[in-house]
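Same chain, two partners: chain A is paired with chain B first, then with chain C.
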Partner chain A sequence: MCDVATVQKIANCLGVKPGKVQLNEEQVVTRTSAQNKTVAGFATILESLARESKSETAQNSTASREVQAQVYQWIEFAVLYVSPGSKDKHVAKQLLNDFNKLFINKSYLVGHFITLADLAVYYAIYDLVKSLSPLDKENYLNLSRWFDHLQQRPDIHQGEQLLNFTTIYLHNWAQGTHV
Partner chain B sequence: MVEEKENVASANAASGQEPVSKKGAKKQAKAAKATEQKAENAAAIAADEAAGDNAADHAAGRYGLSEMIQSKDKRSEREFVLVPELSQHVGKGLVWVRGRVHTSRAKGKQCFLILRQQSSSVQCILAVGDVISKQMVKFAGNIPKESIIDIQAKPVAVANKIESCTEQLVELSVEQIFVISQAKAQLPLQIEDASRPENPDDAEGLNIRVNQDTRLDNRVLDLRTPANQAIFRLEAGVCRLFRDILTDQGFTEIHTPKIISAASEGGANVFTVSYFKDSAYLAQSPQLYKQMAIAADFDKVFTVGAVFRAEDSNTHRHLTEFVGLDLEMAFKYHYHEVLHTIGNTFTAIFKGLRDKYSREIEAVGQQYKVDAFKFLEPPLILQFAEGVAMLREAGVETGDEEDLSTPNEKLLGRLVKAKYDTDFYILDKFPLAIRPFYTMPDPNNPVYSNSYDMFMRGEEILSGAQRIHDPEYLIERAKHHGIDTSKIAAYIESFRYGCPPHAGGGIGMERVVMLYLGLDNIRKTSMFPRDPKRLTP
Partner chain C sequence: MIIYTNEGNPLGLQLLMLAKFAKQKVQVQLVNLNDAKYKDLLVLPTIELDNGFRLFSAAAIAKYLLGDEEGQQRDEWLEWSSTLLAPALAHYMAVGHRADPNALPVLNTLVKKLNDRLKASPYLAGSQLTAADIAVWSLLAPDGTLKGAQNVEQLRSWYENIKALPEVQQVLSEQPLKELSFNALQQSNRYGGLHHVPLKRASLADAGNLLADAGSTLADTITDEEIAAARAAFIYTKPQEIAEPRTVLPKAGERNVLITSALPYVNNVPHLGNIIGCVLSADIFARYSRNAGYNTLLICGTDEYGTATENKALAENMTPREICDKYFELHNAIYRWFGIGFDYFGRTTTQEQTEIVQEAFKDVYNAGYIIKESVEQLLCQKCDRFLADRFVEGTCPHPGCGYEDARGDQCDKCGKLVNATELLRPRCKVCNSAPVLRSSDQLFLDLPKAEPQLREWVDRAENGWTHNARVITRAWLREGLKPRCITRDLKWGIPVPHENFEKKVFYVWFDAPFGYVSITKRYTKEYLQWWQPAKGTDVELFQFMAKDNVPFHSVVWPSVLLAINKGNTLVSHIMATEYLNYEDGKFSKSRGIGVFGNDAQETGIPADVWRFYLASARPEGQDSSFSWNDLAARNNSELLNNLGNFVNRALVFCEKNFNSTVPEIVLTQDELVLLSLINRELRGYINSLEKAKLRDGIRHLLAISRHGNGYMQTQQPWVLLKGNEEQKKRAATIIGLCANIACLLANLLFPYMPSTARTMFAQLNSKQTPLNAEKPLATILLPAGHKIGKPSPLFTKLEQSYIDELKGKFGGAQETKAPAAQQTNVAELEAAVQAQGEKVRQLKASTKDKAVWQPEVTKLLDLKKQLEAAQKSAASAAPAAVPAPQSGTQSVQQLEAAVQAQGEKVRQLKASTKDKAVWQPEVTKLLDLKKQLETAQKTAASAAPAAAAETASVDAGKIKALEEKIAQQGEKVRTLKASGDASVWKPEVDILLNLKKELTALTGVPAAGAAQGKNKKKK
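Now for the complex of A and B:
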């Protein structure tokens, strides 16, 4: 997840020119901004992008010290746990369950507005959600709802094909036997 | 008191014990008094009991263990009344009732006994008085559960509703009680436990359930629960409606052989039996014989009989032996004549169940969650290609000629339910590649065939098609499927003497009942189920 492509995507999301993004000798992603300042490390890069951005997401992420701290925690979690964990069958299941429980009464990860935290987790978990069957998507109903909500935003899907979540809306009027 | 104490003290001194203090002496006196009282009470109770047992039993002859009924007396003067009809006999004197002891509780001078008859139950009371003796009450309280009893009683109207019985406004005031068949004292399962509904919301309620294997091992007891009584009466209803509806449309019932010489559907899932010096197979479907009956000019036939599939599938919907309801019909020019007949037969069966078996459906609903079955009239018919399109819209990738996997079938069922609000629908024009060799291909499109499947609650219940009735074409299609035509020579031969175009299909009776009621396992709708792991009872 901590690769060039994701950084560029998030930069586009925030409406910021990504600049020169590459991996250094230690395979850590770095970004050289227009002012020729180089920053290394995924979380740090996100923060620097947010500072340059005028988008709603960026504004939200720096709304208060508390929000900033929570956003940073989530980005760290996404990098250290969500992204590698989603590749392991059992950890992935646990992750999906935990997120599903989390989203029962929350629309976003931090506060009631979209922040970098949502972006980071979204991209970290994208491949895993893409591989879920329609039945799985229904089992993780709340997570699917959050994901579908985010992917509808043009700045987030950026022209890519939307993942199909139509069956989660079946839940209300066609439960199905023996599923 | 002082006197006593002194006496005690001197007594102790006399017996060589240590002199006791004032307090100690008081305690000893109290203890002595208590034991004296106890002894007195015990003696009184014993005397009472002895008096009771030895007292003349004024009810002797009105209760007891009946001798084994060997058809000695006709006793035709005794008129028996069914429990559901008791309310009509209130105030009209004594009646006889035979039923099972559901529960029996004796408390002091009264005994409350719940008598159960299939799905009905009524409360019976025995109270010590002129008619009933203490010994009779004791006897009634000790009758083992599930024993069959005859009682003569007066039906009495009650002011307060009796919630625990199906007869809530009547109770029986017992005058005579005889045990006709005594049950073993220790039952492998309690009917009450086996009838308890699943109620995950009720945290306070009793959570004792009987698991499926225990039920199936003791099927005789398990079948007595009200829900099971209702399920199998409903199943009988499905068969009856199938027969009546088809007979009304001019169908003839036939019976096909189950011991056959060649595997009908394909060699894989067939049971072999030894047949004298040879071996034979148990029929996987009556397909071949239905068609032969059509070639023999019976025009419209149906058959109800056993089907044997040696599939090692341990799922909620597979049995190795089940009852097949099959039909086959000759038509004039288009197989849709048959398709609509089958679809309308189903609609008529659903209507018949809804209208004539509502009591049974309700009884099942007391224990299991039953969602009312929704269907359209005329039935919904979708094309296979349309179904695939609906699945793709929902994000499922499936090929144009790919058979529907079970999860896809279920998802399609839900999509259809959401879009058309029906639990029953028909899928027409299946791809030719996934159907058996005797299926007639679609003349307009070589990819598809004149075949159809029908679904209830998203699960397949019928697979049917127009059959190839031309022997040369049949040989061609068999070769195309790589089938050795010498093995099916007899089958092909039956079409050589003129055979009308025909189509048909077959359903599994147990599966239809399971899906109609929305139950979770097919073993609930098979009286004595057979699966790869079960051969008894």
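Now for the complex of A and C:
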């Protein structure tokens, strides 16, 4: 996950001007807003974006103290575990399993609406999901459902080509092994 | 509230403190993530509020519990602590293969930032204590990060202020700091702790050394009991002499260890794999066992009967007996050179062997375990004889294997046993014609009848076996045992004492294992004391072998002995090794690949170094590889720099400053900590060797000398010796202790490197002292006043050039390419690697099927290896290509730019991937560039005055601009050249040359790049 690009994308999602986003001398992402205020740290920036935004996602993310805390923990999870972990085969598998289990009875990570938590994890796990084979995507069905649902939103895919989750072709292609 | 955390998790402390400041009651529950009950927890610690709501991020919990304190600064510091500080600490504290040398500089930068911030403000987020302070404090407190840190006064006083707060004191009384360790984070989630979080290397200048180097953390873990034990044990008692009786016999009430090494077949020259697989391992263990005071007998010999010998005799026009005599001497000489101290090295072609085998046969026959059957045998009509198993080859009959070169007794690919007649498409190994089936009567060992007893025995005995021995034996038993033929139609063997079988001989299964017994009989007439011990005398039988020998020792021979039922000693410890490969391939005598026993002598590398290396590369648990580079590296870094350096420094100090007399030791806390650390390793050494884990033993031994080196380095006796009386006394203690550790090391090293250990004893003017396996604690071995001998260096360096020479010599034909040819190829190779890398990435992304991309990956790795070799030779040629002095300044600047660019590249690569294979070549490049830069700077410095006078008059800015252009153009040309097609890069080269001309006109000095390029081409 490139922090700078992700912050810009999420700012776009929230309908906030990203301002100047760059890495500081500690290699930590910073954002200088139009008001010339500088904020450092991915999660802290996302929180500040949410405060500036009037979008539905932002409002969902700040609905209550509980929601705010949960949103924050998922953003941190994305930074600490999802994006670095995706590069390791075993950790990546564990992450996919965990998220797949999580989405068995949930549509979104926090509460019943889309929040910044979903955005942060979505962009962090994007490359990993993209690398999955059709069969794997089907194995992680719940994760795939969540991901596919998010990627349909124009504010989220932002012009990128959508990943293919259709497995109907797979059935024709490999009937014998289809599970 | 409930805090779920795992034992020792340092982040749990933060939650306890937060709860205390938020005035919430908490209850801590220690959990294990592997526990199915807690499978829903992702990350520990997790907090569960009274309403059942769970949070696992400490920062999120802080924000939730202490929501009243708002502020961007607090939030930023909270995030900083969890995403930068915590991972850096986790990396820094990591041990073993996870240890990260890059963590300390990163951590220093972070600590400097904290200290700078606290210079400006009393707390991190301003004038008030906030959750941010709690978060950072709770990360710094466990494992004593700040212990020994320098120039962090502000941070330290902030730390002490917070520590003194009553809330913090209360928490610390409930949760003592010493129970916490960052290593516990490994178990805090299923993603490998914080290990996968890459360290963010700040682009700031180096923060300097603030924190004390690691090691202090290890010393912190020493308990008071360990200190007390170390103090109590460190006394002098006159060592009892190790009395070696002429003939070792087992004694009742003592530990009796009978050790055998698999009998090498006489007409093979043993290679390094054979040597470490059995004889050397057995010898090291036997030496340890004698040193620990056990009655130890080490037996080995050559296995001499069989068709292979007969054939060899025919080929060399000698009798089988003469062949055996000749090759026996060869084996004996090799083992003697390796310093293998057998109590008796015998052979199987003796009268004793014949008697013992024949008697055993009668016993087994009388017990009813022999059946007679007519067998179909393969007869080669061309050679006019029955073909022994090894003389038939064909396709493996086991389903799913189908290996085409399976031998008549065993398939090398699937490892299963094969009956020669079952081979598909059999062929005679000698003449390659197809043999025909003929029947003849043979005797069979009725293994199915012995199976129940065998199973019962295996269940009892297998605990002492190595893992692979257990697995192989279990696999055999699972498939069910079948009768095994024990006779053959041969002449060179032990005649079968049975009617109508006089012309047949025993097959190796019924012959060779009894060699252990008969060779013992050659050693002593009282051999039955070892092999059929009297009641009350326990003999432990350790058998060393490679894994292909396991079935004979775990199934066939025990079945025979159980059938005889005369109370024979059965194996209690099967010590089977995996295979040793040669530089990632197989040893092959025919192709001249690998080092064989007699070759080792010719290398000039001492036998002890071979022993040490082979033992430390012993294939325990999995196959390992012999590698020349590894041999050189271990010799140079472990023996020379670690062990040899420590011993030599200790003894030279003693000789020069204390008149070769061991001074008096007055133990202080530092010494006791050192002794406690050594005692830990000593216990590890004893535990490993008791289980014949020779590799681990070496690790512990080297750790002791590493502790010793560290101790000497921190105590600096050379400084103390110049000080006052008090300080001189300290120095005496240090040297006295180090001399004693050297003596301990000599004892521990003895099993591995006997002649080096003897040299050490001579230098110490001391003798071997018995190890106390019951109480492995360091004692005084050299009392004050002991005169030592003359110290001298123990090891010599192995130069890379020599190692390369040896590598070529033993690497077979395929590895002796002319280095000159490779050198020009660096650019080509780089391009090829890049292209191949791209291909692999695409393939991997597009398919999961390993079979598809694996060949491409192999290709890629090959290319990379070639590239590395080519770069190395290019680098060694570089000094010659150093620019002439007059072009010094230019090339320095160019090189600096190149170093910077390459450095950036490496940083990016490292940040983006963990895959060492990807960034390692770039790092090598960077290092090369740096080296070049250094040489260039040196030459430039000497040429500087002249150059400066010349260039002073011209416009410096213009020159610089030109230089930059040249550098860019050069880069462009290089990339283009790498991609090929001359028509494309030719014009760009012209531009480059023009630019250089311009620069030359401006400065009057020819541009460096051109000169360099030419030089390189000439090379």
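Throughout what follows, the second predicted complex is superposed on the first by the 166 of 179 C-alpha atoms of A that agree within 3 Å, B and C clash if a C-alpha of one lies under 4 Å from a C-alpha of the other, contacts with A are read in each partner's own complex, and residues count from 1 in each chain.
The rule we apply is simple: contacts are C-beta pairs under 8 Å (C-beta built on N, C-alpha and C of every residue); 3 or more make two chains touch, one makes a residue touch a chain.
Note that the structure is a prediction, hence the values are computed from the model and not measured.
Is A:77 contacted by the first partner chain B, the second partner chain C, both or neither?
A:77 sits against chain C, while chain B stays out of touch.
Give one of first, second, both or neither to describe whether A:44 is in contact with chain B, with chain C, with both, or with none.
second
Applying the touch criterion given at the start, work out whether A:160 contacts chain B, chain C, both or neither, answering first, second, both or neither.
Neither partner.
Which of the two, chain B or chain C, is in touch with more residues of chain A?
When the residues of chain A touched by each partner are counted, C comes out ahead.
Taking the superposition on A as described, I'd like to know which of chain B and chain C A:127 touches: first, second, both or neither.
Neither chain B nor chain C is touched by A:127.
Once chain A of both complexes is superposed, is A:3 in touch with chain B (first), chain C (second), both, or neither?
A:3 contacts neither chain B nor chain C.
Residues of chain A that sit at the chain B interface in one complex and at the chain C interface in the other, please.
Shared contact residues on chain A: 133, 135.
What part of chain A is in contact with chain C in the complex they form?
Contact set of chain A toward chain C: 25-28, 39-44, 47-48, 65-66, 68-70, 72-73, 76-77, 79-81, 84-85, 87-88, 90-91, 94-95, 98, 131, 133, 135-136.
Provide the residue numbers of chain C that touch chain A in the complex, in ascending order.
42-43, 53, 55-57, 59-61, 63-64, 67, 72, 75-76, 79-80, 82-84, 87, 109, 113, 189-192, 194, 196-198, 200-204, 845, 847-848, 911, 913-914
Along chain A, where are the residues that touch chain B in the complex?
Contact set of chain A toward chain B: 133-135, 163-167, 170, 173-179.
Flag every residue of chain B that touches chain A in the complex, lowest number first.
Those in contact with chain A are residues 316-317, 393-396, 407, 410-411, 413-415, 417-418, 457-459, 515, 518, 520.
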